[in-house]
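Shared between the two complexes below is chain A, which has chain B as its partner in the first and chain C in the second.
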Partner chain A sequence: MHDSGTIPESAGRAEAPGGVDGEGVEPRTSAAAAHTTGLVRGFVRRLLLSEYFVLWLMIIYFLALLPFLPSLSNPANLANILSNVWPLLAVAVGQTFVLTIAGIDLSQGAVVGLTSVVLGMLVATQASPEILSNASIWGSILTEEGGLFNGLAFAVPAAIAVMLAVGAVVGLFNGVAVAYFRMPAFMVTLVSLIVFSAFALWITQSENISDFPPGLVSLGKSPIVSVFLGAAAESRVLRRELYPIVTYPMLISLALAISAHFLLSRTTFGRHVFAIGLNRKAAEISGVPAARVIVLVFVISGFCAAVGSLLYSTRLETGMPSLGQGAFLLDVIGATVIGGISLFGGKAKIVWTFLGVLFFALLSNTLNLMNLSSFHIDMMKGAVILSAALLDATRRRIMAREG
Partner chain B sequence: MTLAEPPLLALHGVGKSFFGVPALADVTLEIGAGSVLGLVGENGAGKSTLMNIIGGVLRPDTGQMELAGEAYAPLGPGDATRAGVAFIHQELNLFGNLTIAENIFVGDFPRRAFGFVDRPAMRRRSRDLLDRLDIKVSPDTLIEELAPGERQLVEIAKALHGDARLIIFDEPTTSLTARETDRLFEIIERLRAEGRTLVYISHILTDVMRLADTIAVLRDGRLVTDGPQRDFDIPKLIRSMIGRELKQLFPPRSALPQAAPVLEVEGLSQPGIVKDVGFSLRRGEILGLFGLMGSGRTELARILFGLDEASSGSITIAGRRRGATRGLRPERSIRDGLAFVTENRREEGLMMEASIADNVALVSLEAYARTPLRIVDRTALGGAVRDATATMRVKAANFDRQPVKSLSGGNQQKVVLAKWLLNRPTVFILDEPTRGVDVGAKYEIYTITDHLAAEGNGVLFISSELDELIAMCDRILVMSRGEIWGEFDRKPFVREAIMHAAFRDNRPLDSAADPAPGSAP
Partner chain C sequence: MRISQTVAACAALGLVGMFTAAPAGAATICWAFQDLETEFWVAGHKAVIQSLEEGGHTVIERNANESANKQLEQIRDCIAQGVDGIIFIPQDGQSAVTIVKEAQASDVPVVVFNRPPTDTSRGVVVVADNEKIAEQAVAFMADEARERMAATGKKAVPLIMVGDLGDPNAVGRKAGFYKVIEANPDLFETPIEVATKWDAATALANLEAAITANPDVDFLFTSSDFLFPTIRSVLEPRGMWVKAGDPKHVIMGGLDGDVTACGLIKDGFVDATGVQDLFYEADASVNAILKAIEDGDPTPNEVIEDPGFALTSANLADREMDMWGCALLAEKS
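Here is the complex of A and B:
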């Protein structure tokens, strides 16, 4: 009836440093003079407990920085922030499913790199032997005449299908290892991360594959709807005064996110995903086909990482084996967790993921505008994720206390 | 003890609400120094909330507390510990992977130079504490290697280490054998003789009558009555707890079993687990399954439900026969019409963090899903969930938002039953369905069980409480070491014969799962 005795670790947490316990809510002071502070505190608490906490945080952050970084609100900058949201959103949506079953997918970065190479080696219109002749795929899949599918009628859609399938297969491998062989997700996906990154680097000998066909380039770049914010009398509109709002990456990523939202919140599959994250044993006894659901969750994660890779690769017009390396996982997991997805499973909404990604893109953008070096940017991002985790812990403590 | 002494702990108008529903209202109570207070009440009466407030886990919305004459408002469990209040929980809060000594010192490891832990000092002190409690095990033993009763004693040792003035016991005997219970009672007497103050919470009213100096009864979050133990007897306690006269402990059976079998088991064997188990369960029948702990009752239930495998044998449900040897999954059992209320709600029955509605819906999702995408029809499902929870009379403020962990044990069990009921099964396997449930809720669960049988379902009722089996069942099977060792018909049941079958191997009496016959008055 109370949650204090569920697991030993909760006792550890409760007994841990005595000082931390008191910070959430101060003991009530008696005087009526405390009325206004009470109101403020009530407001802060409501804000903290709000499901859309990140949204409020984001608005506050934006408004607080605006006086110091006036270029922040430039339409060009806003369009730039949005363009950074879409690929990351696609990947983070996949991660959301895995986190909901209380798992983690560390292999998404490797999937992004590997599928980027797969796309490049299939669609390249030409390839330079000086750069790529050492690659393991040179002469078989990739030649001076370009990639394997170059010149075919449906080269681009076929290549996209193959890259998405590769992402799904990596997910399938992870899922089977976790669900049927009962290996920890952390281990399995860490191994996938190492192996598939190395594989992507090996087949290209670390070289990028450029020369994408024009159709694919326009998928990443060309806007569908742009906004012009100049004088109406202007007869000629300069390209740099056009701000792309609706783009293909936006449509693809939003379509993915909306489908994921429906899948997670409206279907039996989604309910099963939550049930496994909340209590796998109880879920299995209640007839949830846990192993099948877990496999599918990892397949979704791999697939989403491949979609993200498609958006990144077409924007860069390159098949890059090193895409998705380094701090990329920090971005994906950080954004998801900031959005409010619990690392302990059973608590997730795609809307939260979207808000988390939006906040992360805003954060990266502001750090760039401050002219910080990439080292400083990563350090700052780490600090922000830490404070988000701290805020989350505080929220949970308040909620536990309020009941 | 004498009531003339000043109270160690005094509560003034203490209250607490969850989700706007008061769990505790205006409790004013004094606990005399050096005395044992027996605290009783139905599940959900507010006992745990009250104790969590005293133990610093929760903070009261209203009221004040005084400990030994000084204002006492703990901000957390750490504060309470420092003030000398120890709380021994229903589910023990020990670390299984640490030793006894490490658990006792977990809050304040003794240090030597450079911050190294002073292990010899830890061991010496632990040894002392264990000796005082007559525990004959090394302080270096891992907790997971101890029996439940010994773990409890380690909790007490930990409380003594903190030099607790007030020790709260919350249902301490639920997982203890008779011998362990006796030892615990001796220790409680000794702690009182040392001048410590104790609060003893239990559903077992005979124990409360035996141990307590004063008794307080909670009902619906309010203190109904309190006074010296001599003013109470068990009928009066029950009256105060449920607020009415409970004339019967068990409802009468409302219908006779039909002839047609709904579950037939043949030659079920799995080496070391079950041996050549065969029986048949008829429509409308409540078939009891009795046995000592470790006799294979739960293991048999798990095999029937497809959670574990058997090496040979077959199971026929409503005429559909299947081998029990491999490839059986709960999904299949559920489709065939089985329902399984496990003995462990917390670990296997419920998603504690999820809402009541989500828990009730879980089994039946497929039935309310529309193709092609298996989208759940939330309106239809929501209505069905409300019906099922209403049938089970689950008491809660908000079915869609309130997590089941906020419910009392009895209401949690009703949520589990509602979950299965929604799927309209034909065979119910109930494994210890009344464990950890108070008198009033027990009666409701018996009524529901009778109802299920009267509607033509088969019920396999597994229990360690022979009284409830004798009262509710049409037949009783006795299991011993994985075999069916006796079958008894209601004509009427002979208690001694059933016990005899269960003890065929003359094991000492204290390994009986629940030998206290007066547990439910």
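Here is the complex of A and C:
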């Protein structure tokens, strides 16, 4: 987008005073050194301004660590990294839309927890009164015989539709408050985070709902295509080396990401989203239905968080009100920002989000492989996100200077 | 030169990984825990690490910070890293089932430490008989209450601080408490339940409310000893935190057997606590995982029960050093 192959003249000039002192130094040598420096600077500058900076960084990071962490490139580890990418990608895609309009959606964690509970209370095949009899939904939606939809022919698709709708409704609430009441997105979604998290905890009294039907569990876990690479030699207990390559979470997340990519880059709606992110007032003057677009953006964000919740819940085989709490938002926003989505709005690509999520999953994985403590891992993640935000600000400054 | 700095930093971090790699021939064990928020978990964590390292094995630690999803991802990382076995403390009973299945599907033997899965048929589960231990502790408290009733003619007003019922340990402890209460209908009024969710802040708020509404509570059982400081902060301002022998003494008991409980029994504030044999559980977990590795068994399934016992003000002199909390207290002093 803003790639430039030119080498700034100042780069060569900057080296001249230090390199040529007029005595004992060959002019040709100093000129060559200045040229080399200029080339390096130009390369770094091009890299820094590249749309795919995070991709290059990821490749460098991977290759640099490979000699020290040989298990990094194991098929098992690569399959594992990918399995962690898909649910996070679904949520991050929604956050991308909100960041593009220069907003933020802090309620995604609450949507993940709430919709996870909604899924559980509709599809559970049984429920323990010992654990859940104090839950607010006990006896009405959830009983010993399971969830409300248990036993129905289309229980699973119907429950998924309801949970996605709940996510969209939370997004609708956020969007209306931001678009029509002109409330700051940060405040609105922070309140949603608190309210809907508490609501999720209240309806189950903090308890988890398990016993998902097998079909739903396989949606989150069972591979569609796996490869067998023989028996593992490393561990002392012989293992089957069977790696899932194509999984349902992969297909769901990629379908969502591809749809989002088309929506954002190939439609009028997408152009409106960018216009609002760059300057809402100017967009409104230009005829962009800003309020409607903002509402839709938050609805998409809530919907995507619910899709992520579906993938997280099915792989844990549990509806958990606490899902999405803790450092979850750090992962979502961090991955998105690392990918290059600007916190200032108006600059985004779904492919950047994908790369950001991939890098974030790789980062988490490598920090684990280094056997760092959880405290150090969170500190490192924070440092990387801060660096990404700083890089974004630097890139904007350079681009603004160069017009 | 940000790129070169990045590469250098990554390389430096990589060295950490290189130097922590397992020596040839030794087993590499993934030791994953949900958090270390209580004395019991801290002591258990230390005991498992010590036991493994003394045997020359490499330990890979993972702290999930109370997130079941993070724990699943961490254990998947461990599996991908090629560990020989996994010992873990799950966040809750349901996610434990999922993680055990995940490990066994990857042919990695797995041991669940202290907090059992809701389905104990898979994996090695090392767990205390929570119901029996709680029953023993509460039975002693009931004897104390009966003596008091003989003097005052009043029934006891019992209160139980219930743990997170997603954790089978909490369910067992609650069941043990009710077994004694229901066996003595002449002795007890209807029990008051206070939810704690294994969280001190939640426990504080709910206990404050319960004691305000029921100031005549005189029989209190906490499902975990780690809540005694919380209980004290509620009872002390109301003049209810007094030693045994005082008419205002609340007959009190707990479960775990930690350092705080040991001190409080010695001081006369607490009457009994159910003791989980932490060191036995740590050794049993380590031995079970090493045996599975030695046997080449990727799916060992067994429940190893810690019988436990109740340390009371009556048997303190004889059994003090059998309680891990008292042993640690003696080490400290």
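Keep this in mind: the second predicted complex is superposed on the first by the 360 of 403 C-alpha atoms of A that agree within 3 Å, B and C clash if a C-alpha of one lies under 4 Å from a C-alpha of the other, contacts with A are read in each partner's own complex, and residues count from 1 in each chain.
Just so it is clear, a contact is a pair of C-beta atoms (placed from the backbone, for glycine too) under 8 Å apart; a residue touches a chain by one contact, two chains touch by 3 or more.
Every value quoted in this text rests on a predicted model; they were computed, and no experiment measured them.
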| Touch check for A:Ser286: first (chain B), second (chain C), both, or neither? | first
| message | For A:His272, using the defined touch cut-off, is the partner it touches chain B, chain C, both, or neither? Pick first, second, both or neither. | response | first
| field | In the superposition, chain B vs chain C on chain A residues touched | value | C
| message | After the superposition on A, what does A:Ser364 contact: first (chain B), second (chain C), both or neither? | response | second
| request: Identify the partner contact of A:Thr36: answer first if only chain B is touched, second if only chain C is, both if each is, neither if none is. | output: neither
| said: Applying the document's definition of touch, where does A:Pro67 land relative to chain B and chain C: first, second, both, or neither? | reply: second
| request: State the interface residues of chain A toward chain B in the complex, per the touch definition above. | output: 1-6, 8, 10-12, 14-16, 18, 21-22, 27, 262-263, 266-269, 271-272, 274-275, 278-279, 281-289, 346-347, 401, 403
| message | Under the definition above, what is the set of chain A residues touching chain C in their complex? | response | 44, 47-48, 57, 60-61, 64-65, 67-69, 71, 74, 76-77, 79-80, 83-84, 130-131, 134, 205-208, 210, 232, 234-240, 312, 315-318, 320, 322-323, 325-328, 364-366, 368-374
| note | Per the touch rule, the chain C residues reaching chain A in their complex are 1-3, 6-7, 10-11, 13-18, 20, 27, 60-70, 72-74, 76-85, 92, 94-95, 97-98, 106-109, 118, 164-166, 171, 195, 197, 292-293, 296-298
| request: Over in the complex, which chain B residues touch chain A? Could you list them? | output: 16-19, 43-44, 48-49, 52, 57-59, 73, 75-79, 81-82, 89-96, 106-107, 305, 307, 329-331, 333-334, 340, 342, 346-354, 358, 361-363, 365-366, 369, 373-376, 378, 405-409, 412, 419
